[in-house]
Every structure is written in C-alpha cells, then in structure tokens.
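Each of the next two complexes has subunit A plus one more chain, namely subunit B in the first and subunit C in the second.
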Partner chain A sequence: MTSLILILISALFFNGIIGRVKSISAGRKGPGIMQPLKDVIRLFKKGTVYSETTGPVFKLAPAVYLASVLVAILCVPFGHKAGLISFSGDFVFFAYALALGKFFCIIGALDTGSSFEGMGASREATYSMLAEPAFFLIMGSLALMTGHSSFESIFAALHPSSPMSWALAVIAAYIFLVLAMVENSRMPVDDPKTHLELTMIHEVMVLDNSGIDLGLIFVTGYLKFAMYAALIANLFIGSIPVGFGIPVFFAVQVLCAVIIGLNESFTARFRMNHNPQFIFTLACIALLAVFGVMLMSGQLV
Partner chain B sequence: MFSQPLNGLSLWFMAIFTIVFACGAVYGTGYMKHYRGRPLRNTLHWINYAVAYISMMLLCVVENSITFLVCWEIMALSSFFLVIYESEKPETIKAGINFFIQSHISVVLLTAGFMMIAAKTGSYSFSAIPRYCVENNGMAAFLLLFAGFAVKAGFVPFHTWLPYAHPAAPAHISGVMSGVIIKIGIFGILRMITWFSIDFVTAGAIILAVSAISGLYGVMMAILQHNLKKLLAYHSIENIGIIGMGIGLGCIGVGNGNAVLATLGFAGALLHTLNHALFKSVLFFCSGNVYHGTHTLDIEKLGGLAKKMPWTAGLFLIASIAICGLPPMNGFISEFLIYSGLFGWMQGAEPGVTTGAVFSILALVMIGGLAILCFTKAFGIIFLGTPRTEIDAHEMEPCRIIPLVFEAMIMLSIGIFPGFYAKLAGSALECFPFASTSALAATTDLTIVGLAGLIFLLLIGFIYVAKSRHNAGRQVSEGPTWGCGYTEGTPRIQYTATSFVKTYVQLFSFVLGNKKEQKLPSGIFPTEGHFESESYDKLETGLINKPLGAYRSLMDKFSFLQNGKMQFYVLYGIIFIVFTLILTLLIR
Partner chain C sequence: MTMNTNILHITNGSRVSVAQIPVLDYEAFRATALELMGDKARHCVTYFAYPCADALRLIMCIADDAAHDILVFACDVEKGATLASAAADCLALERYEREIHENWGLEFEGHPWYKPVRDFMPNKYKFFEMEGEELHEVGVGPVHAGVIEPGHFRFICNGEDVLHLEIQLGWQHRGVEQLMLEKKRLIERVLLAEGVAGDTSVSHSTAFATVWESLCGFQPSQEVLWARTLAAELERMANHTGDLGAICGDVAYQLGAAVYGRLRTPIVNFSQRWCGNRLGKGNVRPAYAPYAFTEALKQQLLGDLAAYERDFLEMSDKIQHFPSVLSRLDRTGIVKTEQAESIGAVGMAAKCAGVCRDTRASHPYALYEDLNVEPVVKSSGDVLARTELRIDEIKQSLAIVRLLLDNMPSFDGQMRSAGTPAADSFAIALTEGWRGEICHCAVTGADGELVAYKIKDPSFHNWMALALAVRGNEISDFPICNKSFNLSYCGHDL
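What follows is the complex of A and B.
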C-alpha cells in the first residue's frame, strides 16, 4: 500500500521535473512542474473524436494500457514491505501484465488503419520484444544472488553493506532507467517532441487518440516512469527503516527525472536502425551481470 | 491389455481430447454445410473423425506395445483421411502424402524402440520396460521412442509436416489436429518418463534444448507466414516447444531428485497441453470462419473483419492473448509455472546448471516477445483497419461460434482459478516420480496468481466503464483517421503484414530464409520488371529437401536400367536367375 501511494504521488511530479530540467538547461523559462498534470486535466475536460475506421478495440486499448501499469504498480513493494500483489515469481506477472498493455496499445494503433500508426505499432512490437529479455535477466541475476524469487524478498535481501549488492544494484538501476526511457519512448530511442510522424514510435501510435483516451495514455506514461523509478529506489531501501526509506525514495525519483531531463537536453536521437542494437545491448549487460553473479558465487568454475 | 485402473495421466489427456473433439464436431457440422453436395465423402469424413477419436482414447489406455502400435497406425491413417478431405486439390494431396510419410517415420522409430525392449525382455507389455531399464541402459531405447513421438508432436527438426498438413485440412480438422492429435506425441513422451528409469538429467537436458529450439524456431517462422493457417501451424511448433521445456525441466527434477523442479516442470507441461489444446483449436476454428466468410486465408488480402465478424474477431483476440501467455488468460498460468521452475532451477547452485537455466529463460522470454509481435500482426492485419481488397465478409452461424465461446470460457476460468485446475491435474501429476500436488501448493500459490489476474480484469472493466461514463456527458464525434494532410488515401496505403514485420525480418535475417527474385527494368524503353520475395524454412531445405534431392540424383544414375524395353527386362530376369543359381552352388 505504501508503495502504491508513494508511486502515485511521485507520478504527479515526475514528468514536470523532466520538463523543468530540460527548460533550465536550454535556458528557457519553460512550463511549471505541474504542467503535465494540467495537460491531462485539460484533456479530461474535452470531448473525444473517434476515427470512423475504429471499433471497440480502439476504445478498450487505453483502459487496458492504464490497467496494465496500475496492476504492475500493485506488484511493486516498498523495500521489505510487500506490494498489494505479492507472490513467488511476481516479477513474471509484472512483466507479462505490462506486455498485455503493450499488446492492446499496438492493436489499438492498428485499428485506425493509418499507415503512420502501423509504422509505430511495428516499431513498438519489435523494440519491446528486444527490451523484454533485459528485465528478466536482471531480475534473474538478482534472484540468483539473493536466492529469492519475489520482488519483496529480493529487495529485502539486498544489503547496502555488501559491495556485490552495490555493484549489482547499480547495474540494475542503470538497466531499469534505460528500460523506463525505452518503454516511454524517450531519448535516445525516440524523441517525444519530434514533429515528424515518420520518426516517432510511441507518439505516432496515439495520433488518433483524443480527449480522455489521450489523457489516460499520458497518465499511464507518468505512472510508468514513477514505477520504474520506484523499482530503482527499492534496490537501495530494502534493509533500512521505512522512515528513512521515504526520503530516499523521493530522492531517487527526483534524481531519475533529472537524469532523464539532462539526457534529453544533451543527446540526440539515434537513427531508427540503430535502436535495436542499443536496446539489445541492455540484454547483453544484464547477461553479463548474471555471469558476474555466477562467477562471484563460484558457479562458473 | 488395458491399464486397470486408469492412471491419472491417461485420464487428463482423455479429458483434453474429449473436450476438443466434441467442440470440433459441433463446429464441424457448421463448417461442412459448405460441402453439402457430396454425401458419400462427408460420411467417410465423419466416420474417420469418430475412428480417430476412438483410436486416441485407446492409445491412452493400452498397456501393450503391439496394441499401442496398431492403435497408433489407426490414428495415423484416419487422420490422413481427415486431412485429404478436399482431395481434388493437388496441394492437399501433396500435403497429405507428406503427412502420411512422416507419420510412418514416427511408426518406424516407435516400432524399433519397442522391439529393442521386447528383444531383451521377451515381453511387449509396458510393464516390462522398468525391468528392461534395470538390466540395460535404457537411454538408446528412450531416445528412439522420443524421436518417434517427437515426429508426431512436431519438435524441430521433425516439424516439417505441420506447416503443410494444417492448412490443407478443413478448419475443424486443423483445430483438432493441432489441438490434440499432435498432443498424443506429448502423451507418449510423458508416459515414457513414467516407465523408464535412466539418467534423467541428460535426457532432460536434451529435451530442454530441443524444446527451446523448437519454441524459438516455431515462432520465428510463424511471424513470416502470410497464410493464416500456416502461421498457426508454426505456432503449434512453438507451443510444443514450451510444453517440451516443461517436460525437460521435470525430467531434470526427477534426475536430481528435486521435488519442486519435477512438480513445476510437469505441472507446467500438463497445464500447457490443456491450454494449447483450447486456444489453438479456437484459433483454427476462427481461421475456418475467416475462410468461409472471405474465401481467402491470405492475411495481406484481409482487413477490417472485426466490423463484419465481431464474434469471430472477439474470440480470435481472446485466444491470441492466451497464446501469447498474457494474464489474465490461461496461457500465462502454464508459462508462469515453467518460469517458476526455471528460476528455481537456476538457484540450484550447481556448476553449469545456471547457464542452462539462464539460456532457457532467455528463450522463453524471446518466445513471449515474438509471439506478441506475431499475434498483433495476425489480429491487427486481419481484423482491424479497413479491408485491403473488396471482400464481402459475413459472420458465421451460431454452431460455429458457440463451441468457441465455450472453450474461451474454460480458458478464462483457468486464468482466474488456476488453483482448481492444478488440483484437477493433480492425479496426472502424481504419476511422475517426485512430483506431487503438495509440492506444487508449497512452492507457488496459484490462487494468488489467479487473484492477480482477476484484479487486472476488474481494473480494466472499471477504467473502461468510468471512461464511458465520463464521455457520456461530453461531445463524442466521429471523423476520418488522421492522414497527415493527405485526404485521398486508399486502403492499400495501410501497413501490411509484410511491412509490420520488416524490421524483425532484417534483424533476424541470419536465421530466416528469404528468397528474393527480381528483374529490374532496363534499357531505354524498359518493358517489364518484377520483384518477388518469399520466405522458406531453412531447416526443411537443409534437412529434408537437400538430402532427398541428393538421394534422387544418386538414383537417377541408375535410371538407364529402367529403359522401357521388354528385351532388357527379360535379360535382367535371366541374369538374376543365373546369379541365384551360381550363388546357391557356391554356397554348397
């Protein structure tokens, strides 16, 4: 329950902080921290336009997308305090629930019959297929090191005192952060502010969504960021009391947002055909992490 | 001759076979209405359907290898006749003969395996096999029988008959074949594990490796297919791979005496057998509806069918979610069990084991991701968007919808109440050494997994209803799809199945076979040019077509003997007689 409330709170600010960081580093005055929230409220007040081509799948897709992220958030613990849904192997459920959201996002885009959205759908399907192994492998390496197989027990067993925990936590944090950027189609994989449909991934899939549908998709994006940042925070707060955990949690959230903002300010988007390499590199790093853990625990020799 | 009383494993498979055969029969009555003009052939078809069902039931209960082989042959022959129902089409006959030959390769391998055992023990009863294993190393016989069953089940590289036989058969037969007839191979492999006592760690590792490759190869080839039924056929190979991964894990658990691993592996395999039987038959039945609704199975020609065939579209969507192994459907439960087994196995802390587990996990994750790519393509291109060609589609009659709804309901109930179905599979699970329902209950709380799925479903429903309520008071209007300023688009500019998977094809071109044929227009007045690209199965070319071609060209060298002149044939006869006479004289 703690994690759910904290993630919901930080989701309110996450994208605002990214926006602030970007505007400050660009020397602009820029929008306020609450701007993303205001955008959503504005969208919720508007009416909706549906394409004539679309059917029930298109209307259902945003709901499934949001539900998938919410149910995944329910699995996220707060350090050693389990999330609302917690069982042995819950991270498999976490990943597969998110995949259902993506499944509907993709077919929702195909429902419009637009060639742009087909393009985005194709990219999303291919890239998420390449990104998925990284998550499983890094969770596998954490499970291997701690000997547990649920989020809460894995995080509780990560002690900041052991250097190996630290090393793995840092690698895992990197992978979760980049995964969050890939999943939300941020730089360097995709540029959310681009104006050319041909170069978009996620944005082009939601071209035909409007009103509350678009609002829900925005909300889902914010929640996804906060969820991944919460996973990163969990790597470090597993064994400290909740009282200290909460400030660390928020510090990690802000730090993640700042890193993403800085990254977007100072890097350029990859060429589309370099993306698969970049995304699959994550899986390779995770694989190295697994072998590192095996080496340390004497299972390789 | 029969097992007394029936063991749990047989009962589990008999239940699966019965459900799918029954649904297939109801669906088939609707499907066959399109072929009403030929009563004799239809009678023969339904007789064969019944014979196939009975032979499958018998295969589950017999306890003697000769009887088993006879029943196996009856099953193979009757399913051959079922496949070639539309025998007036040359490609159907070709696919049928291919299936016929390959199912007899399986018979040969099985016969050899059973004979090996009978030669040593002098008994054809299955109860002699444990005795055989005590006196001999049973590995050779085990692998022979495994290969025999693997041909039927469709493990790579014995899979080449599936992509031809399934599209050729009528839809209800494809559904039954993919849903249950290939499962008799799985049943055989599982039965075998209960008989043999061999080095199960090695056997399990072999099964796991073959299965992981089957799973990956099946789904990678499936993505390329443009014929809906061929796509589904390749997906059967993928799912057989997933089932096999469960079996392999279970075997390793048995070999190590690891109760948790054995339980999770076999439970995953048993549940996935049921799950695959359900969702794959639904998918094939849907493909039959699409075929009769539009008279084509070419994905590239379809589109926008969801508006005209809403029931078929909905059922196809539900089954697609299930086959991708996504919660809250049933496919997730069995894949979850196999994942749990793999993660548990990885922590076994034995040298070398972890590497195997890591690569198996990687394979399973990739299978999941590729399946999503494949089924978003299949569902999205066939049922969504606008029709790509002029097609007058229409929904099918209720008897082609109701059995599918029934199966979809079972699928959902497995996803939400997996604990109940795990209990049902309990007596089948306990046929295996070390595996037990109590170990299953102790390691994974399936009730919570089901509950999580239920929460997911309720959340989706809640958000959808809230969204519709919210929209009720606001202006909701319709307009054309955003065309980026271009207003005169035709349905032809939509993304096609080929373009949807283009990036994937480029990424994995080192595995996939792709033939390109092009003739560029040239000269000052270019007349014609064409471009054609076609995917092919590299394994089929390499393992079947090339050796067969080499064999044929070798045999061609002797074709001068068969020159069609009577005198020469008389001469051959004389040479033969003289040769035999000399041989008998010499031996004396």
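What follows is the complex of A and C.
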C-alpha cells in the first residue's frame, strides 16, 4: 500500500520535473511542474472524437492500457514491505501485465487503419520485444544472487553492505532507467515533443485518441515513469527503515526525472535504425550481470 | 552543329528588343536546347510560353556559368500543337514542359511523366504505384502537423525504407504570373513579387525591380544597389539561422534549436528597425531605396552582429563536432552530383552536391560584381553538407555585410520613378535568394504593357532533388531531409 501511494504521488510531478529541467536548460521560462497534470484535467473535460473506421477495440484500448499499468504498480513493493500483489515469480506477472497493456495500445492503433499508426505500432512492438529480455535477465540475475523470486524478497535481500549487491543494484538501476525511457518512448529512442508523424513511435500511435482517452494514455505514461523509478528506488531501500526509505524514494524519483530531462536537453535523438542496437545493448549488459553473478556464486565453474 | 551563332547572348539584368531574339523552328529550337544543355556549365533558367499574335511563342533562356552570359532563343508554335519532347533527352527540362503543357495545352510527345505541376484534382489523380506484398504506402499532407505550407507527399515503403517518394504540389497556386499582367499599378506588382515566397521577399522583389528598371532603361544609383545587397545578405543569414535551428529541432537536439531560434531574432528584428518589416518587405522598390540606411542603423547592426557571431560560432562548432547530432545528419538524404546535374538543381541543393551554381558569382547583379563572392561548395550531398553549407554561408554573409557597412553610401531618401517600360522588349533578371537562383522574366507588347511575366523560384527544380534524396533512406529521416532543403511551396505553386 505504501508503494502504491508513493508512486501515485510521484506520478503527479515526474513529467513536470522533466519539463522544468528542459525549459531551464534551454533558457526558457517554460510551463510549471503541475502542467502535465493540468493537461490531463483539461483533456478529461473534453469530449472524445472517434473516427468512423475504428471499432470497440480502439475505445477499449486506453482503459486497458491504464489498468495494466495500475496492476503492475500493485506488484511493486516498498523495500521489504510487499506490494498489494506479491507472490513467488510476481515480476513475471508484472512484465506481462505491462505487455498486455501495450498489446492493447498497439491493436488500438491498428484499429484506426491509418498508415501512420500502423508504422508507430510496428515500431513500438519491435522495441518492446527488444526491451523484454533486458528486464528478465536483470531480474534473473537479482533472483540468482539473492536466491528469491518475488520483488519484495529480492529487494529485502539486497544489502548495501555487500559490494556485490551494490554493483548489481547500480547496473539494474541503469537498465531500469533506460527501460523507462524506452517504454515511455522518450529520448534518445523517441522524441515526445516532435510534431513530425513520420519519426514518431508512441505519439503517432495515439494520434487518433482524444479527450478522456488521450488523458488516460497520458496518465498511464506518468504512472509508468514513477513505477520504473520506484523499482530503482527499491534497489537501495530494501534494508533501511521505512522512515528513511521515503525521502530516499523521492530523491530517486527526482533524480531520475532530472537525468531524463538533461538527457533530452543536451543530446540528439538516435536514427531509427540505431534504436534496436541501443535497446539490445541493455539486454547484453543484463546478460553480463547474469554471468557475473553465476561466476561469483560459483554456479558457472 | 554550330547553331550558337544564331543565339542571342545577353547579360543578367539586361533588356533587348523582342525582335532581336532569334526565332527558330521547333526542330532547330529543340536541337539547340539539347546541344546547349549538353555542357555542364549551362543550365536552363527559364522556359515558358506566351501568346504572340495567333500563335504561342516559346522562349528558352539558358545561363552559361562559364561565359557569364544568358543565351536566349525562341520558337513560334501553333496553339494545341504536338511537339517532340526535349525532356525525353534532357531531364532538367521536364518540369518546364509539364508547366507549358498545363498552362497552354501544348503536347510534348515522349515526355517521361506527364504529372500535373499545379493543376491537380485530388480525387481523380492516380499516384505512381508499385506492386508488392511487402510494400505499403504512406500519404502525408496537404495538411501537416506543423505550421507549414500545404503539399502532399506519397511514400512507397518497404518496411521503414523509402523506395519512392512522389511530391504533389499546387495547393497554393494563386496565379501570381497572371496577376502581374492584370494589376496595372507598379506598387501592386511589387507587392506581388514580394509575396511570391514570403521568406525570400527581398530577393524576389530585387529580381522584379531589376526587370522593371531594365525594361524602363533606368540605371539605379549606387546606394539603391547597396541597400539591396545588404538586405539580401541579411535575409540569407536570418533564413539559414532559422533552418539550422529547425534541423536541430528535427533531430530533437534542444540546445541547438533553442540557440539558433534565438539567434535568428536579432537579424529579422534589425530588418524591422530598418524598413518596418521583419522579412524585409517594402525594402526593395524599383528605382529608389525607400528606407535610408543611417549611421545609427550601422552602429546597431554592427553591435547585433558582434553578439550574434559569438554565439553562432560557438553553437556551430558544437554541432559540427557533436556525435549524437552528426550521426543523424551524416550520410542522410544524399543527392549525388550526377542527379543534381541531371535535374538542373540550383542553389543549396546543387552546391551541396558539388555543383557550383551561385548567381552571385556567375551572373553578378547589384554589388556582387565587386564583392567577388566565392561560392561555398560541398561534395557529400547529404543533410550534413546542407547544414555545413548554411554555417559557411552565414560566415560569408557576415563578412560581406561588414564589408558593405565599411563602404556605406549616403542616402538622399528621394523617391524616384524608373519611367515607363519600353515597347516590344524582353528583360531577364537572376538573383541568388537564400535557397538559390531566382529568375524573373518579362516581355512587353507594342504599347509597353506587360504581355508575359515569368517567375521561377529555386524550389521549382529542387523539389525533385528532395524526392531523389529520400530514396533508400528510412521514412523516419524524411522530416530531416525535408528540413535540410526547406523548399518553398508557394514559390513553386506561384
């Protein structure tokens, strides 16, 4: 329950911080931290327009997308305090709950019959597919090291006093952060603020969504960011008391948002055909972590 | 064949009597055109038809960059005649023939592709098609997501790769050339010229003013030419800077987009301070310089340029050495030298592909004769070349502007008239807008009234360069290719 509340709070300001960092580094006044939230409220007040070519799937998709992320968030623990859903192997459930949402988002986009959205859907599917091994390999290496198989017990067993835990936690933090960027279609894989349909990935998929539906998709994006950042925070707060854990949790959330904002301010986006390479690098790093753990724990030789 | 002796050689900005233009029969006309176009130093600057008695007169002007003159020859054909296409043997003429076909109903037999230039029926026209299970089509426009002009782009893709791009323009056709004839007051005509392409208003109005003055036999004074040259270089700097920002924006490089976006402002604001319009509208008028350039303006501009230069050089150095930007620009959207030559590309599109085509050097006008502009030429033909060309041209313009300011003439602020155009005359003016070569051409009748006015914006040729550049690229790189050319829709559509 703690984690759910904290993630919901973080989601309120996560994208706002990214926006602030970008505005400040561009020397602009820029919108306030609460602007993403105001955008959603504005969208919720609007009506929804459906194109004639769309069917029920298109209407269903945004809700399923949001629900899938909410369910995934329920699995996220707060350090050694388990999430509302917790069982052995819950991280597999977590990953496929997210995948279900993405699947609906993709078929919702295909339902419009637009060539733009078809392109976006195909790109999003490809990148999600490439990102999946990275998540499982890094979770696998954590499970291998700790000997546990649920989020809560893995995180509780990560002890900052052991250098091995630290090393793995840092690698995992990097992978989760980049996964958050890939899954949310941020730079350097996608550019969230471009208006050019041909280069978009996620934005072009939701081009036909409007009003409440679009609001739900935005909310889902904010939640996903906060969720990944919560996973990163969990790597470091498993063994400390909740009272200290909460400030660390928020510090990690803010730090993640600032890093994403700085990255979007000072680098250019990748060429589309470099993206698969980049995302696959994550899986390779995770694979190295797996071998490292096996080597250290004597399971390899 | 040595037909060259029959052909009229004139220089940029000059007037001749219509009777002096040699009129060939179509067979010889076509053969002459093909023979002349065989030389790489020559390209066709305009080819148009206008009604002359009961027939149609075709006039072709071919610029010779080596000899620094323009070759003019004509041909009378009957209305509705069917002619052998010259484009079948010389691709650079294909759009001219399509235009003449569309405007005057002449048929060109053997033309490679009778695609509409401007007269386009959205629901009737059948786009180029390719068969294949794995191919898909993507149509973009005419309404775009950004605040830009309308144009339709039809891609045929294999997955992410573009096999073919067809560009259909014409949505902005306003009939500028016809209006030039219908509007009888000079001020109306100047305003029309300024509005051919709003971002190139100085160069288009300079071309119009030059044509008008030469028709009237008026020689503008030194300070008028000085003001036009300065305004043209400021226009070049402002547009190139804006484009650099837009290129950075398209690769999502926020720092570059923010810095270049900010740097464009002082240049256009200076233009407003000088003539009251940020795009330089109103600054060029036939026969006189309406806005005096004062010592105070000079000091203001020198200060603006110093501040501009510091940030511009720092930012340009950064993007030219920043891997994440370079990886997007390098080897993206290549136009090969042979392609640029065959389609008759001009301006940036040509200069980036190793074809040196700069009117300021080859057919100097205004004060460019004395400025000895050394055209910037790049050989790689990719987006990076077009980015670096802009950076280098801005540096060059900075030097030109400072040189001009050092030799500032005095302005008397007097309003003058060029007089009235001579009867039965032909005049042509080439200017180098920031996109490339602009050509304005006028013919007067027996009463001294305009009977034909032909405008050619560089975009007329260069849209084809864009279509060729994106072949084999990823469709996601199209926006950056498009932005690197930044062609004009309204300049093409007229």
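We adopt the following convention: the second predicted complex is superposed on the first by the 301 of 301 C-alpha atoms of A that agree within 3 Å, B and C clash if a C-alpha of one lies under 4 Å from a C-alpha of the other, contacts with A are read in each partner's own complex, and residues count from 1 in each chain.
Just so we're on the same page, a contact is a pair of C-beta atoms (placed from the backbone, for glycine too) under 8 Å apart; a residue touches a chain by one contact, two chains touch by 3 or more.
A quick note: this is a predicted structure, and the numbers were derived from the prediction, not measured.
Novice: Which partner does A:Ala251 contact after superposing on A: first (subunit B), second (subunit C), both, neither?
Specialist: After superposition on chain A, A:Ala251 lies in contact with neither partner.
Novice: Give one of first, second, both or neither to describe whether A:Gly118 is in contact with subunit B, with subunit C, with both, or with none.
Specialist: both
Novice: Could you let me know whether more residues of subunit A are touched by subunit B or by subunit C?
Specialist: B
Novice: Could you say whether A:Ile5 touches subunit B, subunit C, both of them, or neither, answering first, second, both or neither?
Specialist: neither
Novice: State whether A:Phe93 touches subunit B only (first), subunit C only (second), both chains, or neither.
Specialist: Only subunit B; A:Phe93 stays clear of subunit C.
Novice: Which of the two partners, first being subunit B and second being subunit C, lies in contact with A:Val64: first, second, both, or neither?
Specialist: In the superposed model, A:Val64 contacts subunit B only, not subunit C.
Novice: Is A:Arg269 in contact with subunit B, with subunit C, with both, or with neither (first, second, both, neither)?
Specialist: second
Novice: Would you check which partner chain A:Glu197 touches, where first means subunit B only, second means subunit C only, and both and neither mean what they say?
Specialist: both
Novice: Could you give the residue numbers on subunit A that contact subunit B in one complex and subunit C in the other?
Specialist: 115-116, 118-119, 197
Novice: Sort out for me which residues of subunit C touch subunit A in the complex.
Specialist: 136-140, 145-146, 160, 248, 250-255, 257-258, 262, 322, 324-325, 327-328, 332, 474-480
Novice: Sort out for me which residues of subunit A touch subunit B in the complex.
Specialist: Against subunit B, the touching part of subunit A is residues 44, 46-57, 59-60, 62-64, 66-68, 70-71, 74-75, 85-90, 92-93, 96-97, 99-100, 102-103, 106-107, 110-119, 121-123, 125-126, 128-130, 132-133, 136-137, 140, 143-144, 147, 149, 197, 207-208, 211-213, 216, 276, 283, 287, 290, 294, 297, 299-301.
Novice: Would you mind writing out the residues of subunit A in touch with subunit C in their complex?
Specialist: Those in contact with subunit C are residues 22, 25-28, 115-116, 118-119, 187-188, 191, 193-199, 264-274.
Novice: Could you pull out which subunit B residues touch subunit A in their complex?
Specialist: Checking each residue of subunit B against subunit A gives 303-304, 306-307, 317, 321, 324-327, 332, 335-336, 339-340, 343-344, 346-347, 349-351, 353-355, 358, 361-362, 365-366, 368-370, 372-373, 375-377, 379-381, 384-386, 443-445, 448-449, 451-452, 455-456, 459-460, 462-464, 467-468, 470-471, 474-484, 489, 491, 493-495, 499-504, 507.
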